[in-house]
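Two complexes follow with chain A in common, the first pairing it with chain B and the second with chain C.
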Partner chain A sequence: MNATLVLAFWRQRLASPIRLVILSLMVLLPPALVSAIRGLSITSLGDAIPLAMVLAVGMIGQDVSSGVLQLILARPVRRSEYVLSRWLAVALGASAVSLLQIGIFWGLSAARGAAPGFDTVAQFALGRELQIFGVAATMAFLSTLIGGVGDLALYALIMILGGIVGMIGQVRHSSVLTWIGQEMGAFVSPKIEVAQLVAGTPSWFTLATYASNLTLALVLAILILNRKELSYASG
Partner chain B sequence: MGIRVEGLSKSYRRLLAVETVRALNGVTLEIQTGEIFGIIGPNGAGKTTFLGCLLGFLRPDSGAVTIDGHAPDDLEVRRVTGYLPERLVLDRWMSGRAFLSYHHALARLPHAARAREVDVALEQVGLAADAASRPIHRYSRGMLQRLGLAQALIGEPRYVFLDEPASGVDPAGVVLFRRLLNEVKGRGVTVVINSHQLEQVERVCDRVAFVSGGRVEAIETLAAGATLARVLRVRALSGAFDRAGRDALETLARGVGAQLADLAAAQARFAVADDDGAARLVAALVGAGIPVIEAAPEESRLERLFLEPPTATRTPPTP
Partner chain C sequence: MPPAEARGGTRRLPRWLLIIAGALLVARIATGIQEHRNPPQLAELVRWETSAAGLARAQSSGLPLLYDFSAEWCGPCRLMQREVFADRRSAETINALFVPVRLVDTQRETGRNDPDVQMLQQRYHIEAFPTLVIVPPDGSEPTVIEGYPGKARLVEQLTAAGVKARLQRGGIR
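== the complex of A and B ==
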């Protein structure tokens, strides 16, 4: 990991006014709405994927297509170090934003006398953190495949294709197609049921899928970037 | 130990295309430590590919590049390398000072010296304090180029690779670049310059490789005499050539191995074999009592390389 790269990435992401506005709305609006409506629980805050996406889109591809990566890699920085630093920067940044959102929700709920218990909040927060670290790895991989913010289009394509394949599998009662659809879904939307973990009844298959997807995505991202030629002469 | 390039070849295959484009074809040369080495050639000659291979950004099909005996992408090499790309895209959201601090940190240079060394680098390239605090997206092209050069020179690298360093820079900036290059040369830094600005290359480089069709066609040692024929334009005081007469001038030129090309009132053009021939001609003219006030080649030596692709006069591509 390279702290200089992590810090520079955060500064770069926060230097965009549009991104700041989107993040602010995402942090403030859902907690305000969910805490205001009776009967809704903390889980109504939803997945953390949109939060991670705001920071993750173009995390590597933008540097490749702009040419900034050449200047970085002309320094004593390993390509693997660059990929892992980008992944960590997205994951830690999105985690902080997610925790801030949960904190605001808890504060607003507490002000209305309906604060959820610590266990509930902790389990929800942990589930989101795991999801963020997983999706950040997926985006790191996709971002090495395509320049600019094309990784977002790839992400959407895999999600849609996964849904379609899974649906066809169910309609045709094909366990193989259903499984493929589920795996594609797990790749773009990694998730671990923290409640099962806490209860001592974890789904080992889900855990293994999560760990292997995260590892595979990062290894592939490093391999692809290592193979990439960084000169416009090769473009 | 310098830079060694042996049998370097590189081809590109475009997406869905059957044939490959050969960008480099068996390039072999050596760049000595402390040398300022230029790469010139027409568009599509393979210069950028060559520089990409020297920097370890491109993987050659065959052959090898070593810098101080290491592969060019070795971290030991990266620690002593500075690079200014042609298509300069900087982190536009940073200020100039923050950008240099960022690269100082990426170069793993001591934090304690950061502020001082960044200030020195900014001063070296003539970026004033207020400009250094400005976001990069407000920089002019010339300021960007200066900042890019400061970035390449930060931490006093031993190898500097400059791709079109004076592109978009005003005359004052060009003079500054030349001064900086002379300074780094004085420190024993090895500089490789890829440029189309032949006059600048001729002024700063010790040797220049002329690249064409993926090959090094010639290496010109600029410190030594020109090896290529050229036309010398000689001006004399008004009426001096008329008084001498065309026949006398032709005889005088032949006597020193030159040839009178044409003659006007105060100007004559002679074809000379090389620098020595030019010097002999001027000496002969002065010796014959012709008041020469100016003698200048019509093209610079590097322009000549472009205009007359070397064949018989080619020098072997070794130092």
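== the complex of A and C ==
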């Protein structure tokens, strides 16, 4: 891991006004709405994937398209180090934003006298953290496949295809198609049910699938980047 | 620190990551086979009540009743339990919008049913499992969901029915 690359990535992302506006809205609006409606719980804040996406989209592809990657790799930096630093930068950045959003929700709920318990908040926050680290790895892989922000289109394509294949599998009672749909879904929407871990009844397959997808995505991202020939004339 | 070239080139793949990824892939296949043969018993996160207690709470709270008619031998019921009732988010939606009551058919195992289960099965003409019946507090027509349409579709149907019932009794507070 390379701290300089991580910091440079954060600086680059925070220099984008559009990203800052979207992130600010995502951090402030959902907690304000959810805490204002009685009967809604912290889980109504939703998944952390959209938060992670704001930072993750184009995490490597934009560097390839803009020629920045050639400049970075002209220095003695391993390509694997670059990929892992990008992944960590996205995951840590999105984690901080997610925790900030949860903190604001908790503060607003406490002000209304309806703050959720520590266990509830901790489980929700942990589930989101795991989701962020997982989806950041998926996006690192997709971002090595296509330039610019094309990784977002690839992500959407896999998600839609996975949904369609899974639905066909259920309608036709095909366990193979259902399984393919579930695997595609697990790849784009990694998720660990923390409540099941706390209850002592985890699905080991779900845990292994999560960890395996995460590491495979990183390995594939490094392999693909290793095979890329970058030159100033290539783009 | 020596430059990357001196440490084995800039394109070297971290061995530790390869080993971990390989080990996890093996673990994934092994646990997949294991759990396909013996599906794990996940903790249910929906707070099921008995029919009597559920009816009392529905009357006092004004929330609609959600009857889950199921059976031990029913495969889709187990799948629905695993995917929906053991999922924190879906379970919280159900707990917030309904008074959930589970009614397990024991006809096949014991030759008879609990009188409450039998009476409710007849009242709602239950012919297949799983069947979910949403009974609004104002006594209007119940919503019946027969079979398991998949997690996303089911949660969507339940949320729509729950919100509709809540709006009917005086809006979301």
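Going forward, the second predicted complex is superposed on the first by the 231 of 235 C-alpha atoms of A that agree within 3 Å, B and C clash if a C-alpha of one lies under 4 Å from a C-alpha of the other, contacts with A are read in each partner's own complex, and residues count from 1 in each chain.
As a working rule, a residue touches a chain if its C-beta (ideal position, glycine included) is under 8 Å from a C-beta of that chain, and two chains touch if they have at least 3 such contacts.
Just so it is clear, the model here is predicted, and its values are computed rather than measured.
S.K.: Which partner does A:Leu223 contact after superposing on A: first (chain B), second (chain C), both, neither?
M.R.: Second partner only.
S.K.: Examine A:Ala15 and indicate which partner it touches, taking first as chain B and second as chain C; both and neither are also allowed.
M.R.: Touch status of A:Ala15: first partner only.
S.K.: Check the residue A:Thr4 against both partner chains and state whether it touches chain B (first), chain C (second), both, or neither.
M.R.: first
S.K.: So in the superposed three-chain picture, is A:Val176 touching just chain B, just chain C, both, or none of them (first/second/both/neither)?
M.R.: neither
S.K.: When the two structures are laid over each other on chain A, which of chain B and chain C touches more residues of chain A?
M.R.: Per-residue touch count on chain A favours C.
S.K.: Of the two partner chains, chain B (first) and chain C (second), which one does A:Leu73 touch, if any: first, second, both, or neither?
M.R.: Both partners, chain B and chain C.
S.K.: In the superposed arrangement, does A:Ala36 touch chain B (first), chain C (second), both or neither?
M.R.: In the superposed model, A:Ala36 contacts neither chain B nor chain C.
S.K.: Check chain A for residues that touch chain B in one structure and chain C in the other, and list them.
M.R.: 73, 76-78
S.K.: Which bits of chain C are touching chain A when the two form their complex?
M.R.: Interface residues on the chain C side: 3-5, 7, 9-14, 17-18, 20-21, 24-25, 27-28, 30-32, 34-35, 40-43, 45, 86-89, 92, 96, 150, 172-173.
S.K.: Taking the touch rule as given, give the residues of chain A at its contact with chain B in the complex, in rising order.
M.R.: 2, 4-5, 8, 11-12, 15-16, 66-68, 70-78, 229-234
S.K.: Flag every residue of chain B that touches chain A in the complex, lowest number first.
M.R.: 12, 23, 48-49, 51-52, 55, 57-59, 75, 78-79, 81-83, 85, 87-91, 93-94, 102-103, 105-108, 151
S.K.: Sort out for me which residues of chain A touch chain C in the complex.
M.R.: The contact residues of chain A facing chain C are 37-41, 43, 73, 76-81, 84, 123, 127, 166-167, 170, 193-196, 199-205, 207-209, 211-212, 215-216, 218-219, 222-223, 226.
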